[in-house]
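Here chain A shows up in two complexes: once beside chain B, once beside chain C.
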Partner chain A sequence: MPHEPGVRLMQGNEACAEGALAAGLDFFAGYPITPSTEVAEFLAERLPRTGGTFIQMEDEIASMAAVVGASLAGARAMTATSGPGFSLKQENLGFAALVEAPCVVVNVQRQGPSTGLPTSPSQGDIMQARWGTHGDHPAVVLAPWSVHECFDLTVTAFNLAERLRIPVILLTDEVIGHMREKVTLPDPSSIRRESRPRIPPRTPGALPYEDRHSDVPPMAVFGDGNRAHVTGLLHDRRGYPIGPGPEAAALIRRLQAKVDARRSELAMVHGEMLDDAEVVVVAVGCVARSALRAVRLARQEGIAAGFLRPITVWPFPEERLARLAEEVRGFVVPEMNLGQLVYEVERAVRGRAAVRAYSRVDGNLITPEEVLGALREVARP
Partner chain B sequence: MSTPLAEKYLRVDRLPHIWCRGCGHGTVLGALMRALDEVEADMDRTVVVSGIGCASRAAGYFNCDGLHTTHGRALAFATGVKLARPELRVVVITGDGDLAAIGGNHFIHAARRNIEMTCICFNNHVYGMTSGQHSPTSPRLSLAPTAPYGHIERDFDLCELARVAGASYVARAATYQARSMARLIARALRQQGFAFVEAITQCPTYYGRRNRLGSAADMLRWQKEHTVDVARARQLDPAELEGKIVVGELHRADWPEYTRAYAELVARVREEGTS
Partner chain C sequence: MSRLEVRLSGEGGQGIILGGIILAEAAAVYGGLNAVQTQSYGPESRGGASRCEVVLSREEIDYPKVILPEVVLVMNREACVRYAHQVRPGGTVVVDSTFVDAVPETPGRVYRVPITRLAREHFGRDIVANIIALGVLAGLTGLVDRTSLEQAVANRVPPATREANLKALDVGYRAVAELLSAAASDS
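Presenting the complex of A and B:
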């Protein structure tokens, strides 16, 4: 039994946990770290009541490992962490991507590097969320900007993870995680749950990585009698290790293509006042809240400002940006790091419009006034 | 190794194995295979989990669900598998570096939780896969590419570590006594809780050559001369046990097992929730 439908006042981290339960979570492994700990504490209380499994592991490496192990045994599995913990999860995140173990990893960003400012928000992990583990790998990263979206996007994260057999990262931050807002929880029965394609039990000749009929091979879940071999070595359709050559390349390309082939569906954006916009603010997560306010203030001043919020950070909605670049004078990219999202914006814009970065790394949220200042500079050079 | 037993328990299409001539890992694999047969393991409901290293490649040879994970993390992955499906038999295969160096933290915590799984450490006293660097079980003053002047650290007693961390079953065997190794592994497979077996195995290629210990046969002879059965060890005083390796069943205790304790917790919480 997930939640009671209706209006509730809750915290972002709690909404994320509630969303996971609504999405059918049945396994959580984690390790306490500010500002993500509430996700674990909430699930420690709730999961046993739904018959699910909660475990606090000995560290984040073990948490990620346990999540992947549980996923391969059929569970809808999740972990949550922040900063240093997210770094520790990277090796096993790559393992999950390669063996195609569906799972959700919540990273409530805090100011780094290292222990940094443990209780302050940041957006310093935008690139790590894409490229943190070694080697080429697919990545889907969703960034909520409200408590309600923490709920919704956690559900989406599970559905995408299951359908594509990939790890999906929910990238929030200290502000979103700890903020309290009104949330209208939907009727649990109205929430669509997607499950991974799965080989029926005891299928003769089952191949755990048969990709000839679909780019997402049906999974040979442990215990189903299909005797799957799963390895972090590059492997063939049987799951057996292979050496260098075309088969190795085909595997790596297929993993990436699972995301690339679905870019238009996956790359969700939220835009406002874009039709006649001359200057567009591109922002994600908590900063997008200040950005939207700044755009409204700019409009009052007569600046034709627009707002574009990538809900999906990865794959980055570059087609949308590229189209806008043909129409506008410039972009403002405020972010709580020394410039990460702005690289992607520049890559999509390709010099066709001005791109102005705005950084803040003192551990405090970027204000609407700061974004407005940057907007004015681009609008009235 | 295409015997009827191998046909039943191994992926014979994966053989011959990757190990060097004279390596003891194949002997441990054979002992585990016979132990699985002795307990009549249902291979549709068995998952073999391993880390990274020569030893860990053994997971790929068993004809059941297999999970060859990241270096040191086998026990943590196995914990997830077991918790998600407690009815499955989980066997963990690991090396001394995998288990006691990079994976040392997971080792003590899996033992402390007493989660039901059988963990077999193929202890060849070096990092075989990366060509013989010292491991936490390399003897003091032994030579290795990363200890060219002699290894100055003390070595871990893995069985003692498992026991004090809370394992339910602890045993040690060497490859020269493969039958008794199989018997001890079978007992481990029957144990409720975390069961640990240290399998002393020879690495003539790296450890043997670097330390001038001779051929695989010489290394097995060395094992025979330096091991003492636990029953006999109890009658010897510490001076007589100096430099000896005690083999046999070393420890057994019936602590509450983790997945059962968790199932009880769920039942209790749900009952309270409905009343």
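Presenting the complex of A and C:
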């Protein structure tokens, strides 16, 4: 049962769940945790009515395992969690990346480390979303800044996960997840759904990881009557374990290249007032809301301020930053952690402009005044 | 309307957050405005401090939280101490005088309304106090029109309680009318 199009006041978590349904979600497994619980709560009610399956598992490790299993059986699968649960999901996230099981993992960030401040926002998982699971692996991480974008980017996350056969992370935060905002939901029939490449049922001799024709091999979905073998060991085209050597390296490189080769398409940004900007605020998620207001206030003071929001946190839009670094005096990077996004900005800027970090970790959203203060310092040193 | 900020405060169990949701819904879905509603609460579901913020605007809303509100509701003593003074000069501070006697110095105009007592008198229970409070806020400030607010209340509350809640809204509006006529006859 698709959603009713039209104007609604909706919570970010609810919009995320609606987006998942609109994207064709078949399977959700999760373990409730603040501030992500509403995603599961909403889907527990709605998903079974669409013919899908909702399972509350015994913990987050099992939830992620169930999601990978469902994906291997052909389902469009998702889980949702927050920091402590995201930590627990890391091992199976890596497994999903290696066995190329498309899935979506929602992380509504709260202040950590550990149990931290359960009802307070944070952006402490920016690096974990990229590097949380061990070993080299592809990562696509999308960070909505509004309730409407929670809907849209959840759809995008499913489409990218399916098309590239990768786990995609929707990285939101307590502010965006719990905030209610006016949204205009699109007509469900207007939403484009992409599906994974798939070996036709009962294809004699088909190999489950045949990558000679495409960097995204067609999937041998369990139950289709094809030979499938799935293992967390590095594997050959049959899915059978292999030892060290060129075949191992080729697999690791191909997995990473699925994202790298599409970097320009994947690395989405939202810019405002950049044409004549001398100082640019780079911010994601909830903090970007404060940042845009700060940029508008700075403009009223005569500061040539600009706004750049990576919609895609990973792969980081470094080419866009690198080009801007040639044109501007400096960057301000406000974030609700002790400095994570700023490392990527510095890496892209390579010393060609000033980079000023601004951190807040008390569990409260950075205010526009705070960002404005940092903007003034960079604009008028 | 350019940006207008509202803060509702009290304790868990007083319906503070639902009140904010209904206000935002009235503005966004029925009143044609943009609206953002956020909340802050402790891990307890009852008794802990509860705060709900609503930002309304004809324009796009960037920063979703309250900076300095025009309209403040305080439903208990603790909220009064914390939030009654955080208001724009000349703004509106509505105090539930059932629980709050002394109001600290504030740049806003203070309106004392026995919101919870009205709930008890008219309905025999505290639970509709939040809806009465919405009627008081809207009646005093006109931040959303009455029709939109009635539609939002009717849409959000359980069907069996719809009539009682609409009546509670009316109790709030009438309390404002009495307050204003009393103030007019005083002067």
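One rule holds for everything that comes next: the second predicted complex is superposed on the first by the 381 of 381 C-alpha atoms of A that agree within 3 Å, B and C clash if a C-alpha of one lies under 4 Å from a C-alpha of the other, contacts with A are read in each partner's own complex, and residues count from 1 in each chain.
The rule we apply is simple: contacts are C-beta pairs under 8 Å (C-beta built on N, C-alpha and C of every residue); 3 or more make two chains touch, one makes a residue touch a chain.
Note that the structure is predicted; figures quoted are calculated from it, not measured.
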Would you mind checking whether chain B and chain C clash or fit side by side on chain A after the superposition?
fit
Touching A:290 in the superposition: chain B (first), chain C (second), both, neither?
second
For A:241, decide between first (touching chain B), second (touching chain C), both and neither.
first
Now for A:84: first (chain B), second (chain C), both, or neither, which partner does it touch?
neither
A:339 in the overlay: touching chain B, chain C, both, or neither? Say first, second, both or neither.
neither
Touch check for A:27: first (chain B), second (chain C), both, or neither?
first
For A:365 in the superposed arrangement: first (chain B), second (chain C), both or neither?
second
First (chain B), second (chain C), both or neither: which does A:231 touch?
first
Partner chain in contact with A:182 - chain B first, chain C second, else both or neither:
second
Taking CA centres after the superposition, what's the angle at chain A between the directions to chain B and chain C, given in steps of 10 degrees?
110
Once the structures are superposed on A, label A:197 by its partner contacts, choosing first (chain B), second (chain C), both or neither.
neither
Look across chain B and chain C in the superposition and give the shortest C-alpha distance you find, in Å.
18
Touching both chain B and chain C, residues of chain A:
none
So, in the complex, the side of chain C touching chain A is made of residues 21, 24-25, 28-29, 33-43, 61-65, 67
Per the touch rule above, chain A residues touching chain C in the complex are 7-9, 118-119, 175, 178-182, 286, 289-290, 292-293, 296, 365, 367-369
Given the complex with chain A, which residues does chain B contribute to the contact?
11, 14, 43-45, 47, 49, 52, 59-60, 63-70, 73, 76-85, 87-88, 105-106, 109, 262, 265-266, 269-270, 273
Touching residues on chain A, where the partner in the complex is chain B
26-27, 29, 48-49, 51, 53, 55, 57-59, 61-63, 65-75, 77, 91-92, 95, 202, 220, 222-223, 225-233, 240-241
